[in-house]
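In what follows, structures are represented as structure tokens.
Here come two complexes built around chain A, the first alongside chain B, the second alongside chain C.
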Partner chain A sequence: MPRLKTRLNNLSHLFLPLSVLVILIIINLIKGADYFRITMVNGAFYGNIPNILFGASELVILSIGMTLVTAASRGQDISIGESGAISSAIFVQYVLNAGEVTLWTILVGFLISCVAGLVIGAFNGTLVSFFNVQPMVATLILFLGGRSIAFIIDGKVSPILANEISNRIGTVIPGVPIQTPIILTVVFIAVVAVVLKTTNLRLYVEAVGINPSAARLNGINPKKIIFLTFLLMGVCSAVAGFIAVNKAGRHDSVNLLKFIMMDAILAVALGGNSLAGGKFSITGSIIGAYTIEMLNRTLLRLEVNPEAIKAFKAVFIIVLMVVASPVVRIFFKKVLDKARTIVARYSVRQTGGINKGAVSITDTTGKKGE
Partner chain B sequence: MRSLNTSKAKTRLSNSNLLFMIAGIIFVLMYGFALISFPGSFMQFQTFFDLFNFNAALFIVTLGLCVVMIGGGIDISVGAVCGLVTMACAMLLESGMGNVWSALFLALGIGLAFGLMHGYLIAYLEIQPFIITLAGMFLAQGLLTTLHKEPLNVTMPAFVALRNFIIEIPWLGTVNRLGVFIPCEIKPGVIVVVVLVVLYAILMKWSRFGRNVYAVGGNRQSARMLGINVKQTIFFSYVICGLTAGISGFIFLMTTGAGNIGNGALFEMKAIASNVMGGILLNGGVGNLLGAPIGTLTLLTINELIRAAGVQSNLQAIVSGLLLYLFIVLQSVVMSLRGRSKFRLAFPSWLKARQ
Partner chain C sequence: MQSEIILKMEGIDKSFPGVRALHNVDFTLRKGEIHALMGENGAGKSTLIKILTGVYQKDAGQIFIEGRPVYFKSPQEAQNMGIGTVFQEIALCPNLTVAENIFIGRGRDNFIKWKQMNAKAAEMLNSLGIPASPTQELASCSIAVQQMIAIARAVDMDCKILILDEPTSSLDEDEVQKLFALMRQLKARGVGIIFITHFIDEVYAISDRITVLRNGELIGEYHTSALPQIELISKMMGKALSDVSAIKKHELPKSDDSVPVFEARALSSAAGVRPFNFKIQKGEVNGFAGLLGSGRSESVRAIFAADKVTGGEVKINGRRVKIKTPLQAMKQGIGYLPEDRKGDGIIDELSVRDNLILALQVMKGFFRPLSRKQAEEFTDQFIQKLDIKTPSPNTPIKSLSGGNQQKVILARWLLTQPMYLILDEPTRGIDVGTKVEIQKLVLKLAADGMSITFISSEIDEMLRVCARLIVMKDREIVGELSGMNLTEQDVMHMIAQGGK
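Up next is the complex of A and B:
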């Protein structure tokens, strides 16, 4: 029993994203009971849930990187969309200039774009770790100039990526019932999970995020760790850019992954992570990212006026953050305690029969409080 | 090492003033460079005034954000609130129901409402400022598109008169090719900017609230131990920021005369960049409020300079990004050169040999 309890305590940070997910599913089920229906079209699964997994694939990958950056550097990278655009521009140029497109070309192009992502990450990471610039300010540079760099690499407005392999990466491979971006996302998540399980990365990042000076005294170089997280962020944005450009089939340097950093930061916060660094939960961020995509699609499904979607989203975020805020939690805890003491006093005076009823009342309030 | 420094009788500059001085020197150098390279346009006073005339709203937004940034927070909703105010005021004026004063009150009301919401949620419910102001940004953008989607030109006579109202400075101006003297013109928005800069500078420098903001931004824990009401200070800093964003929206409408979805877009990023150039750190507690207008002027001068040089539009963004990079690195180097102990921490080993 105590072991189970500690396990549940370990999962308590997932309470917020999971409860939101459940609420959204309930809303969707009220709207129409066929929410979970999955249909086969051309040998692949389509439906609401596959669409959410498909649509959120870039966001999930970016939110993983954002979680690491946030945890180590206590700040956010706001240039992720731009770095994705730049690295995917390089990928597209390589593929277009390679002549015949084979799987090998795509793979080499992908690796080159990952190197570009590493370079961008190194640029941001140098500023943040060695020059002590706040992450948001350091990444503001690329946020302002990144799209222009991507456009110059492109050389023209949105070059089209018309070949069989990228089309398959963007949609489905014949014979595989799951859309390829979902598979790529799952593979990426698995790689990250293995890295976090087998290396000390998590420990080091958390140590640096909680207290850089203490981490330094313990022999961890905070600068190296922060630099490393930015490098990983660069790779994440390159992978996200690769998926996004293959999905779209063209490289639109102005609109590719536009303003996705807002959603990624939101996913990190929804996942129960502190934006001020320290302990982090990648699982929470991933669930948070899927929640955001689900929220967007739910609003569309509820036929909300497309102009007002952002306002609804804002109201949802505010309500969510208010419910999850520490002050409100403490307040409800106090209310609960007070109710308990009142009940305890009452039960001393009264007989057991009324006491039973009173306890059940506190239980319901307690559930509301959580 | 510190004892050697203190043997000189001079008092050390505070970090705020040092960064402010750097910002000022950079601006003077920048403008001097502009004067040398493009004497034709930058020599005229009108060019300088036009920086204010057309960007009065950005100056005001930057001021409000500066207060929040000194307090250690961030408000990324300012641009969207500014845009919402322009559209709401334009609709009110176009519907014929209100006059200019009611539009002004509407602008202040919207700004105040957003400021109160942010302030309450951030200060008293202790939610992360980035997320709440992000939600505020979404809310303002959503309301803006719900209100009206197409550009809305205000045709109300009283407002058009206000929009076209120009103050001439008779003793300052240029003589054009025909030999006619053209006096310099400034718009009423510039006066609002100047008044607000003076007001905010006094507020931050000499009032109890301003000192509290610096204390809270520097170290929240010790501010509370000094008996400062931390929550109230943070609350009011956001209220001020929201109110300022409302004013800036009205000034924006006074400059352009039309409500548009794109109004105030990316103002938050420009304002953050300006504040950073002006020597106000995102960490809080450091910065001089006068740095905000100086930083904005630097940013605008850079843009103007690039435009005058006739650089391709895509290179413009890259060049301004590079200049921002240079400033940030310069600030960082100067700050770390200050304390030698920090110097060793802040640099890679290949830069350390000089000490």
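Up next is the complex of A and C:
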């Protein structure tokens, strides 16, 4: 029982994203009771929920990387969409120049794009950890220049990725009922879970994010850890770019993963993570990412004018952040405590101490009276 | 005049979820009195002060100021009633001038009248005998003067009650005297002063009365002159004093010419300590003595490579080794408990368990995490062994009291089974009971063969624990003292005569 209680306490940070998720589901159910309906088209599942899982793939992967960068460096990487665009441009060029496209070609292309992601991560990481540039300023460089680099690699406007395997990666593999990006995301999350389980990544990153000076005196090199999180961010960007470009079927260097860093940062915050670094919850960020995708689609489903969606989203986020702010939280905690004591007193009078909890309360109040 | 009561707190109760911080506590402060509030960590001193200053709301009880019942909902209200508070950490703006710091946020007008403000500040500094000019930048004043300016700020606007929460912990002897002079002057003006400190000598030097709290309960109020030190300590600890005086240091091991566990030659660091030689034998407890800023901490930081090592060579058990990073030092079997517990020691948001296993975990390496079970076993073992008071191993370390935090850090290093452990101010800011526990532990560890360097600003503590003292002055070693009959005078003489 106490074990369960600590477990539940550990999950308390998920309260916010989960409650938002529930509210969004209720709104959707009011709009139409068929919200959860899933249909089979050509042997694959479609419907609102599969669409959200499908649509959020890149965001989920990026928000995992963003969580780590935020936790260790106490800042955010705003170049993730651009680094995804660059690494996927390299992937597309490799595939287009490879002649016949086999699974092997795609795999090699993917690995090359991951290396590109690592290089970009190393660039950002070097600026942040070794030159002490603010993460947002350091990544501003690629945020501004990244899409031009991607365009130069492309060599022309939007090269098309017209092969069967890419199509399958971006949509479905015949015979598999779940869309491929959803599967890839699940695999990615599983890999991250294994990494967290088999290494000290969490302890090191949290220690560095909370108190770099103490971390250093315990043998951790904070610079290296911050650098490492940027490398991991680079890989996340490459994977997200890979999924995005296969989904789209062409490499649009201007619009691919455009402004996704805003949603990724929001997902991290929504997941109960402090943007000032320290302790982190990847589960929270993942739920946050899916929540954002659900919010986007809910607004579409409510037939909000696409031009106005951003404004609605902004209002929603303001409400959310105010509700989640410590000020409001403390207020509610006080109200809750008061309510509890009133209920406790009331139940003491009513039951005359039959209830076990009430007995201990009468005990202490009895002592006070002495 | 002396007996006129300005503050009366009666039957104060305060509970936090799961803990009863105060139970039925009374406190009385008279006009023109310096009243020491004593108790170990967790006794309820700071809770009582926070209730008095409006930071916390009391659950039960009443507060009277000059006979009238008051109820503070915020610190601002308490301030308006004439309660001024000065905390251990100076909460002033170092880049503003002295006058600005005294009057900032105090003005009733929207515009600052510079001339008037500076004149008023000058008058105030003068009357309180604070050696600072109103237009001087605060950062250019010494810590003691800054502390006095913080007091001046609190005293401004008809302060009747002044609370000083550990004002002396970052001051040296001379500065403490200056602060005391200021306190006496305020006392003469009729201000009631509540004085909180861990230094018992200071209590006897300046206070008129003492109120002792223990475990959230009032033990009693005493006239300072009528309460012997030893009784005060036993009242604070709640046990007889026989174990306190039972501490006895060990003889220096006779085998002084055997190979030292650790030896440094001409070691120097970027923190500016002059190249120094140092060695320690197996099972020896030694210490660096000297005034604040003499280079004690810098020297041990150089040994652990906490600051960048700039020169010198190091031998472990007679073998030359390279120690350029803390991790290399750890791998050679050196542990280091830093002076600044909050800044360099604890990872405040992490759990007691994570904090405890950190050093061992890092030594094992990034790819070899301890299993959950192992980590729990280690934690439980040390919580028991060192009697660490924590609700659970999962509790964030920041919610523990200072003494218990320090025990966790100590456990962190003991877990790595070092052969040489450096303890820089392990007992600073922690209660008497834990202090004694730590001193005993140090001697026990040494008896088991560990070499320990023990640094403390309290010289008598070092005399009690260390068999050999390395005396420092102006970032240089000026001499060494050893033997069973070391006295404070010996050390002071050496500091006074040493150097050029």
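Everything that follows uses one rule, which is that the second predicted complex is superposed on the first by the 334 of 370 C-alpha atoms of A that agree within 3 Å, B and C clash if a C-alpha of one lies under 4 Å from a C-alpha of the other, contacts with A are read in each partner's own complex, and residues count from 1 in each chain.
What we mean here is this: contacts are C-beta pairs under 8 Å (C-beta built on N, C-alpha and C of every residue); 3 or more make two chains touch, one makes a residue touch a chain.
This is a predicted model, so every value here is computed, not measured.
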| item | value |
| --- | --- |
| Which superposed partner A:Val22 touches (first chain B, second chain C, both, neither) | neither |
| First, second, both or neither for A:Ala344, with chain B first and chain C second | neither |
| Chain B versus chain C as contact partner of A:Leu107, first or second or both or neither | neither |
| Partner chain(s) touched by A:Asn200 [first = chain B, second = chain C, both, neither] | second |
| Which superposed partner A:Val191 touches (first chain B, second chain C, both, neither) | neither |
| Partner chain in contact with A:Ile38 - chain B first, chain C second, else both or neither | neither |
| Chain A: partner with more touched residues, chain B or chain C | B |
| Contacts of A:Ile160 with chain B and chain C, given as first, second, both or neither | neither |
| Doubly contacted residues of chain A, that is, touched by chain B and again by chain C | none |
| Residue numbers on chain B that touch chain A, as the complex places them | 74, 117, 121, 124-128, 130-132, 134-139, 141-143, 145-146, 149, 269, 272-273, 276, 281-283, 314-318, 320-322, 324-325, 328-329, 332-333, 335-336, 346-348 |
| Chain A partner contacts - residues on chain C that touch it in the complex | 13, 60, 304, 306, 325-327, 330, 336, 338, 343-350, 354, 358-359, 361-363, 365-369, 392, 394, 412 |
| Parts of chain A lying in touch with chain B, wherever the complex brings them together | 75-76, 127, 130-134, 136-138, 140-149, 151-152, 262, 265-266, 269, 274-276, 305, 307-315, 317-318, 321-322, 325-328 |
| Chain A - residues contacting chain C, complex | 6, 198-201, 203-204, 206-207, 210-211, 213-221, 278-279, 368 |
